[in-house]
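Lettered A, B and C in written order, each chain numbered from 1.
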Amino acid sequence: MTDTLQLIASNLPFILKGSLVTLRLVFSALGLGFILGLFLAVGQVYAPKPFPRIISLYVWFFRGIPNLVLLFLFYFGLFPLLGLDFTPLMIAIIAFGLRSSAYQSQIFRGCIRSLGSGQMMAARSLGMTNIQAIKSIILPQALRIAIPGWSNEYPILLTDSAVSYAIGVMEILTRGSLTVSRTYQPMPIYLTCAVIFILLNYGGMKILHHVENRVRIPGFGNTEM
Amino acid sequence: MDLVFITDVVLPPLMAGLVVTLKLIACSVPFGLIAGILIATGRVYGNPLVSFACSAYVVIFKGTPLLMLLFLIYFGLPSVGITLEPFTAAVIGFIVCNGAYNSEYIRGAIQSVKSGQMVAALALGMTRREAILNVVLPQALRRAIPGISNEIIYLIKYSSLAYMLTCIELTGAGKIVASRYFRFTLVFLIVGIIYLILITIAGKILSLIEKKLEVPGLIR
Amino acid sequence: MDNREIILTVDDIHKKYGNTEVLRGISFEVRKGDTKVFIGSSGTGKSTLLRCINQLTIPDSGKIWLHDEEVTHSQKSINYFRQKIGMVFQNFNLFDHLSAVRNVEIALIKVRKMPKKEAREKAMEELRRVGLEPQANLYPAELSGGQAQRVSIARALAMEPDIMLFDEPTSALDPELTGEVLAVMKDLSKNGMTMLVVTHEMGFACSVANEIIFMEQGKILESGPPEQLVRNPRYDRTKQFLFKLGELYGDIGRSQ
């Protein structure tokens, strides 16, 4: 037993470094997904004719394709094809970010629509342009409704991040596997990885709930999706 | 883009891989559903110990990556004497993970069934077990269909991870073909499209099932 | 001397919810064919009392006997007793996922272990009795309130109980629909069913009950045959309550 504990202790720093990579991956993807998702959502609701359709197609593609296939497509196929020499981590961030944007855009779209054309009409009647109305009236409200959706995206991105093992990103699982191939002790090492993931999950959710509570508007959020 | 290349060289191995994918799904979906029902019922109706164990199960298997679970099963278990084939290890991992996610939907659905239903069943002389089986679950499962359908779609996508255990399903077959002919973009685009078609069909089938099981007035 | 068989004996039932004592020593006897109506303001424990009888609520103290078997403290064999005690709820509590006839037959199949064909026949017969044979295949959501409640009565009757408990059966119904349910209950009573009914329907009580029991603050304040209780209540409180009821529901001296 003490051997196992020693084993874990000596390899923990190496594996834990992976959590920095994991978090970087998760939050970058979340952020990319957020900005792009917002943009796509606004486009889907307010843009002129061909764009909503194109965006729907984009959403369908990126929600339906398995993570692993997307990573392979980018890492082995698309990026080399385009001559882009990005690190595995960068490629993973872009892949997961695009995927998250597809999901988040749908959450935002639902919110923007449910806010009702009434808000838009009121803003326009006061003399605001479309863009001003969207920026100052629609978006701030939509965001507050959408933040709970992140409580969903975060754990998903966290657990999906492990798939980037397949293209060599040095996150938690990859480092764990390397340790295993060195020490031939899969059970303790993978269990340690599991604990790290659970803690990151728990910690991240706590932070998100905190943020949620901070930005809450009283009486709002019952326009639930 | 060489059409003959696609049809004669790429598609056949992909189709073989697709068969394995379908087998993986066929084995995992029913048991994942059963696992979900058992965990959810244990959590809602079980004694404190059982309920806690079920909650712990959900926290653990929703909070850890599926890939890690697969590695644990395939690479870890041999050290305690259980050696499994890639396919079996993958299926077990899928069932355990899918069960955790399913149980959350089912639990929510069970809790949304009016308490009067249980009371009426007990008043008629049913045991709790009979009441759960005949009155609560039939309603809860219908309400959980959208969530369960969602999870089945996820399962179809995550089946690709079986390749990481050297199980040659669709994604694995794609990687092999792509590597041999250096046509990565093309092959993986095709693989992606096949998955998209799969989940579209699955979605339609699940919609039909939902319609068939519909009972007037059982609003979600 | 009343020679009729004693079906139910309730002895000194007490029940507390938190700090509120809802039942403070309720005792009475029910003989075969009795129809007893419980009246009183809300929160006086009438529904709780009914639920104690079939142990859906466990009383803090006191005993209940069905015939001469003790119902309280019966734990494992409570289902045996529940088959003999029928209950009709204010909110019907029909099984939403089953059609009317399936609602009636399910307990026969699962609890009585009747073969399906026999259960179906019995279920249809009970539905016929309450006048709902044409609606057999409709689902609860497709039935009117009065129809739903009649199905739930049929469901309870199918088990051939020794006694039927009605917990404010018409309170959740639109006024036009209460008539059809009360008619079924009247029929039942006339045909000799032993019934305990919690209700505000004084018209029903006066025309059908052989005893009205007025409960106040967890105790039985007064009880007696309708003519006596309504015309000549002994306590002021009873008088007050009946007067209030009369204001809400119209002249109660007249039977429906």
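Convention: a contact is a pair of C-beta atoms (placed from the backbone, for glycine too) under 8 Å apart; a residue touches a chain by one contact, two chains touch by 3 or more.
None of the values given here were measured: they were computed from a predicted structure.
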| item | value |
| --- | --- |
| Chain-level touch network, classified as line, ring, star, complete or other | line |
| Reference subunit C; chain at largest CA-centroid distance | A |
| Inter-centroid spacing, subunit C versus subunit B (mean Cα positions, whole Å) | 47 |
| Whole-Å separation of chain centres (CA-atom averages), subunit A against subunit C | 57 |
| Euclidean distance of C-alpha centroids - subunit A vs subunit B, Å | 22 |
| Multi-partner residues of subunit C (at least 2 other chains) | none |
| Interface hub residues of subunit A, defined as touching at least two other chains | none |
| Numbers and ranges of subunit B residues touching at least 2 other chains | none |
| For the subunit A and subunit B complex, residues of the former touching the latter | 60-61, 64-70, 72-73, 76-78, 80-81, 155, 158-163, 165-166, 173, 176-177, 180, 185-187, 190-191, 193-194, 197-198, 201-202 |
| Footprint of subunit C on subunit B - complex, ascending | 114, 116-117, 119-127, 130, 134-135, 138-139, 142, 215-218 |
| Subunit B-touching residues of subunit C, taken from the complex the two chains share | 54, 56, 79-80, 82-83, 85, 87, 89, 91, 93-97, 106-107, 110-111, 139-142, 152, 155-156, 159 |
| Contacting residues of subunit B [partner subunit A, same complex] | 59-60, 62-68, 71-72, 75-76, 78-80, 157-161, 163-164, 171, 174-175, 178, 184-189, 191-192, 195-196, 199-200 |
